[in-house]
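Letters A, B, C, D, E and F name the chains as they come in the text, with residue numbers starting at 1 for each one.
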């Protein structure tokens, strides 16, 4: 019954990788807290790099600076 | 003054259907909790089926399996 | 399979009222979008009035001013 | 270490404007709460006007009515 | 730089279990998407069982019915 | 009409500081994007340090280590 929201920048995660995240998080909640995987919901939000900031600047700007 | 976020998979909800959700949720909060509809905010997020998982697998995979 | 998050101020909503919200939103999603109620998840967050702002001021301050 | 999520309608915010929001929120949290800007994360979600409701109707409908 | 929000019912998760969730999700994102663990943020929300619904009823009610 | 959610650890933010955050974010959105302050909603979530992780470990653990 848990709900997990994973937010990342949109930089090419494949369907297979997203499936791995869904599977991995669901298993983790079963292992650690004995949560029923059948009702564990996982959502993934992919945001443009202009729409994500850390350290006061956007990821777009950081990428240009070589981060 | 409530804020409601509705998350669904992106599978063809029309503008009219989304308007019905907004209206319905706003009325529900007025009926049940006497919340002022004028300041009730409702947002709807539509996610790709690759980005939504339940039971440890993505909706894309479930759809292929006939769910 | 939808996920709905309802956020309100903590001002005495009862367990029965919260149950009505859960039932009402789940039915709305079934009626409007034919979503399966069995996997519709609804969560309710109740926030202190100091932690909710509209119009640039907190609900606590607005309540004191007679809103 | 704070996390801030800003949700607006998708109506033409530029990369520069979004960078200003990221910078401004990060500075605000440093000024008010002495939070370390290096680990302050800001995300911006831009939603279609069909997917945002206030007062029981969508922004799309309100815009048509001249709001 | 990912942000992950885990939402569960408040039913006795210990600090150690929550630390395991934080560690596990952070490692998963590094393994699957090569995300830098240093800037991966994980938050955990624990909700009262009255405030969580599935299948149109609250977890409190389901627990009473023996679920 | 924007909605902003600020998430911080619960470590003593006062009502006045939270009011400053609400005011500051609302003004920022008006200045940068010309958003109407009357319908800008700001919510603040304060989480226990056990429930917040960065770098794969909880803030509680980091605080004990002297961070």
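In this section, contacts are C-beta pairs under 8 Å (C-beta built on N, C-alpha and C of every residue); 3 or more make two chains touch, one makes a residue touch a chain.
As the structure is a prediction and not an experimental result, all values here were calculated from the model.
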* chain F reached from chain A - shortest hop count over touching chains -> 2
* Asked: Touching chain A and chain D alike: which chains?
  -> B, E
* In terms of CA centroid distance, which chain is the most far removed from chain D? -> E
* Asked: If you tally the C-beta contacts, which comes out ahead, D-F or A-B?
  -> D-F
* To do: Could you put a whole-Å number on the gap between the CA centroids of chain B and chain C?
  => 13
* Chain centre separation in whole Å, for chain D relative to chain B (CA means) -> 20
* What whole-Å value do you get for the distance between chain A and chain C if each is reduced to the mean of its CA atoms? -> 25
* Enumerate the residues of chain B that touch no fewer than two other chains. => 1, 3, 7, 21, 25, 39, 41, 43, 45, 52, 54
* Asked: Draw the chains as dots and join the ones that touch; what shape do you get: line, ring, star, complete or other?
  -> other
* Structure fact -> Which chains touch? The pairs are A-B, A-C, A-D, A-E, B-C, B-D, B-F, C-E, C-F, D-E, D-F, E-F
* To do: Using the touch rule from the top, collect the residues of chain C that touch chain F in their complex.
  => 7, 45, 47, 50-58, 60-61
* **Residues of chain A touching chain C in the complex** => 1, 3, 39, 41, 43
* Enumerate the contact residues on chain C facing chain E in the complex. => 15, 18-19, 22-23, 25-27, 37-46
* Structure fact -> In the complex, the residues of chain E that touch chain A are 1-9, 13, 17, 20-21, 24-25, 28-29, 31-33, 35, 39, 52, 54, 59
